[in-house]
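Chain lettering (A, B, C and D) follows the sequence in which the chains are written, and residue indices restart at 1 in each chain.
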Amino acid sequence: MYSFTNDYSEGAHSRILNALLETNLEQTSGYSTDYHTEKAIELLKKKMDCEDVDIHLLVGGTQVNLTAISAFLRPHQAVIGTDTSHVNCHETGAIEATGHKVLTMKTDDGKLTPSLIQKVLDGHTDEHMVQPKLVYISNSTELGTIYIKSELEELHNCCIKNNLLLYLDGARLGTALVCEENDLTLADIAKLVDAFYIGGTKNGALFGEALVICNNELKEDFRYFIKQKGGLLAKGRLLGVQFEELFKDDLYFDIARHANKMAILLKNALKEKGYEFLTDSSTNQQFPILPNDIIKKLSEKYSFNIERVIDNSNTAIRLVTSWATNEANVLEFIEDLNSI
Amino acid sequence: MYSFTNDYSEGAHSRILNALLETNLEQTSGYSTDYHTEKAIELLKKKMDCEDVDIHLLVGGTQVNLTAISAFLRPHQAVIGTDTSHVNCHETGAIEATGHKVLTMKTDDGKLTPSLIQKVLDGHTDEHMVQPKLVYISNSTELGTIYIKSELEELHNCCIKNNLLLYLDGARLGTALVCEENDLTLADIAKLVDAFYIGGTKNGALFGEALVICNNELKEDFRYFIKQKGGLLAKGRLLGVQFEELFKDDLYFDIARHANKMAILLKNALKEKGYEFLTDSSTNQQFPILPNDIIKKLSEKYSFNIERVIDNSNTAIRLVTSWATNEANVLEFIEDLNSI
Amino acid sequence: MYSFTNDYSEGAHSRILNALLETNLEQTSGYSTDYHTEKAIELLKKKMDCEDVDIHLLVGGTQVNLTAISAFLRPHQAVIGTDTSHVNCHETGAIEATGHKVLTMKTDDGKLTPSLIQKVLDGHTDEHMVQPKLVYISNSTELGTIYIKSELEELHNCCIKNNLLLYLDGARLGTALVCEENDLTLADIAKLVDAFYIGGTKNGALFGEALVICNNELKEDFRYFIKQKGGLLAKGRLLGVQFEELFKDDLYFDIARHANKMAILLKNALKEKGYEFLTDSSTNQQFPILPNDIIKKLSEKYSFNIERVIDNSNTAIRLVTSWATNEANVLEFIEDLNSI
Amino acid sequence: MYSFTNDYSEGAHSRILNALLETNLEQTSGYSTDYHTEKAIELLKKKMDCEDVDIHLLVGGTQVNLTAISAFLRPHQAVIGTDTSHVNCHETGAIEATGHKVLTMKTDDGKLTPSLIQKVLDGHTDEHMVQPKLVYISNSTELGTIYIKSELEELHNCCIKNNLLLYLDGARLGTALVCEENDLTLADIAKLVDAFYIGGTKNGALFGEALVICNNELKEDFRYFIKQKGGLLAKGRLLGVQFEELFKDDLYFDIARHANKMAILLKNALKEKGYEFLTDSSTNQQFPILPNDIIKKLSEKYSFNIERVIDNSNTAIRLVTSWATNEANVLEFIEDLNSI
């Protein structure tokens, strides 16, 4: 059984593990005040060509989202997102648990637009309703799509105009930034959003997400929030060592490219067979719509998630590739598909 | 510079790292639904000779405390602890951030007693005050002391009698259970408390704490709380692999014994020099009271924390040893002490 | 200018004020432990023919909703409501501020059904999502419609089957229970829901809502929650005196009947003119769809709220009547309408 | 049985009731957007000789405290108060329920000082602890004592110096401002604190507290918080009418003077008998220490609260007077005392 279920099925890239081994017996101070964290942050700032950001390394994505969003908002303020956004439907109400409503708009492709945001604003006009304040987007989205530069600029302008904050969940930012249609850089993002995070867990690290706070007004006292929400790792160096390794050269992007390449192999093979897709993705999540009997057959040898029932005989599934996906297994999958 | 600052200055015990290396490319399901987690839980249950507990593996101590305590209490209920308890003064109000007051009593040795608990109960008699509900203790305590079996039984009985929950923070449970005065076993603890955790971070793991829920009424839906608070690790297998390694034989206890042995070397040397201690600890935290000039001299070669100013010329410091402490460095410290 | 804006534009029914005057200098104990509160609760229990409920008198509706719902739910549990439900869109995220997500379904008439509830349940299947637990309905609804007995029974059965709680917001319960289509009694409701409240503010009282907790498991320690949320009125007797007066005979229902009668006068006149309505309401909120120029004309003499833009030339407005609405003003409104 | 239990045993001053009667059938807009509220706020600003404050009228004290404090603080910030402060021990953890720790210092007289505040600050130095931010004081205090101008100035300076907010709970501000030792005015207070409230419930109103926000940075969006916490009264005019009546001339201060006068009668009589007091109060709460048999005897005819057990034979009780206290009953109490 080979798994295309997600991009966190394996441990870490071998270079990450080696770095952890090599630094294992160094004595460092705790709670991300160590040399490796400092070095990792320096490298990240260099990659995004920007010194004027605060960077914090945390363990996981839900933790980053809930810590950052609850720190950025006052009690009466709410999040605007799509109905498929991770904070809305896959984090067990973590944002609401910190006191904030998540306002959502339906979309086909998982992407927010200024006009969708405007609809939310139009519906929230006085103190009997929450005050929409933070726009949450994911890149790549939960449906594999990405934002191109002009789209992010439009969101940025919409937020400036309406006094909103723009927050980008980059759990899968690696594959977004190296996919074919992408024209964004880390430097662009740092200029266009108020805060975002660079996901490590789904791109080669054992765990770890780098939260980048770009808006000066959101920076103050942030370490208090990390600690209060239980996210300040005692051996914070583990995060530092991993991000140091991912960004001391282009490892982070190289392995994301591999993930995408594997995904495109799958995509092209499925397209050639004439199958439709739920969304047009060029990143490491593909959502082909397949006849149920094909799905049944494939699931004998491969594991993957069901995304959505389309009709009585067809279902959209989710195939996810990663830094660890073997090309041999991908080719075998394609062969199996063709031979059904 | 050698550090006695804490027990999380280094990475992990080499056996832990090897286990992570060996399992690295296995494909497993995420979020602690994997084989290694299952196996680790099985081993833990065996060690505590009890099948009837629920065990969850989480990343860090503050995370465990806030997740468990907020899950166990209703909104009007409060925690009873000592003024030195970790949840009261070193977690940035994490418990209060989930809505619950922490009621504290002053102690010299960091240990709660039934009579201290009774005083809190006597002061909280109606609905204009919070309802004290969960007794929080640490073993070993933040001051290095431990609870012996009869003391834990008394707390257990006090809690039963007053309809309170008993929760034990075991961030340093390893060193508590192998120290000289100890007469408790994991099995005893599982019988006497409603929930506790077995700390990995401070005893050989890269990170990880095993929360054990003994009281049936506290078990339901617990994974929801872990996810909501951002504590459900995507690659949960990392926790499983580590606890599997720590408990597949007696590694967990063996390395705790080493930590204590190093601490006792320090303690005895300091005692021989005639120094007093803030508390009588036989675990891996020692709190000698030293003249300030001695402290200044020692801090040229060794790092450690200041615990408390005693008077104008004397200060209590904290020396912490761990699985990673080198005997050579301990002996050098003693030599330096003797030669000052 | 005469106002049909809402049912809380005036003070209180004269009998309520008289009762407050007559009891003004009595010395009573505070915080709803007084004789009048006791008496009011006794009368309410008699009216609902049920001794086995707990009743608490609070000041306002949002306060009741947030206090009750946050007391009834565990942290990972969510509310199910319609998109128009008061807790979703007119309480500034009060429920989310206590940590709970509100899951909503779109409806035309503001009424939940078992099949809508089932859709929410189907979409929430594991610990990565909140756990739907409490079904929130209003009667009459925010759109003036009501639940008849068979509908409430179906909701009750659906909740029993799915281990859900059924909560009824009765801010406008008076007008619901005396309208033409109604076949429910207070006694029925007390049998079919887990908790509900009987609204006083919108039916003759200065303020005040009577929360009735029917489910034994939800009763414990409830006064703690009222106090913690700031809802325990020092001079609780004021609530007691008012509900005593409303329920010592049928004042509560008599004045609700008046409100409905005034509404039906408006409804019939509008219908005769051939106007459509947003919903079919026989209670004190009417939502006629009128040409914009008619609305403009009417608003010179009458105030009312705009409910929804229908198209370029038509808009649904909301006309609200109450215990205090003068028939003379209603007739004048109708005359003005006819003469436009 | 005559009650000295508290200052909210009766309804409202007759002038308040009359004002409610006279305005009862006026139609006004809801939620404190009415004419009477506007007028009351204007009068209050005039009394404190300050236009540059925001004033909000709420129903009760716990509601004001929790709404204001949770609006003013960021999630990691804490309150500094005395151990006897109302928010610490008589509001069922309302502040903690909004996520904030209350840090307390022991005092004899219920009054905070800069040196007590400094001790709290010294103990909270990094992000592993909450950040002390808001100083909570009551005037008069829970023990009947008051702050004179120089004391409030010192607290003000201490707060400025340490970047803290100063918040004054004025549940009993009326009696504080008219007592013999007082040298503060409403205008002084408005200059020296960041926010405070003027209590109506305990000084002649049916209910109602006027929150005054002096610090510009705390004003924004405050009505959202009132609504979210359930404190936005539908018939907000009721608050407006009451405060209008209390402050259109000096009724508020006149009736507070009566309360104090009654208290001083009690105080002098008790002093003459040679009894000691828990604190030296010149306001409407007196805490005489009486032999237990005297207390037993008195409680046959009078009700009052027990404050604290002093020793085996003596207990401090609390006698509270108010606008409604009859001089005849006070004199009878004194007579009874003298004749025991």
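The working rule: contacts are C-beta pairs under 8 Å (C-beta built on N, C-alpha and C of every residue); 3 or more make two chains touch, one makes a residue touch a chain.
The structure presented is a predicted model; accordingly, all values stated were derived computationally and were not measured.
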* Option in B-D, C-D or A-D whose residue-number contact pairs overlap A-B by over half -> C-D
* Interface with more contacting C-beta pairs, comparing A-C to C-D -> C-D
* **Turn needed to bring chain A onto chain D - CA fit, degrees, nearest 5** => 180
* Structure fact -> In terms of mean CA position, the chain most removed from chain D is A
* Structure fact -> For the pair chain B and chain C, the C-alpha centroid-to-centroid distance in angstrom is 50
* Taking each chain's centre as the mean position of its Cα atoms, how many Å separate chain A from chain C? -> 43
* Any idea how many Å lie between the Cα centroids of chain C and chain D? -> 34
* To do: Find every residue in chain C that makes contact with two or more other chains and list them.
  => 75-76, 91-93, 97-99, 127-128, 130, 224, 227-228, 232
* Asked: Where on chain D is chain B touching in the complex?
  -> 75-76, 78, 89-93, 96-102, 127-130
* Structure fact -> In their shared complex, chain D is touched by residues of chain C numbered 2-3, 5-6, 8-12, 14, 17, 20-21, 23-30, 59-67, 91-94, 97, 201-202, 206-207, 224, 227-235, 237-238, 324
* Asked: Mind pulling up the chain A residues that touch chain D in the complex?
  -> 31, 70-71, 74-76, 98-99, 127-128, 130-131, 221, 223-228, 232
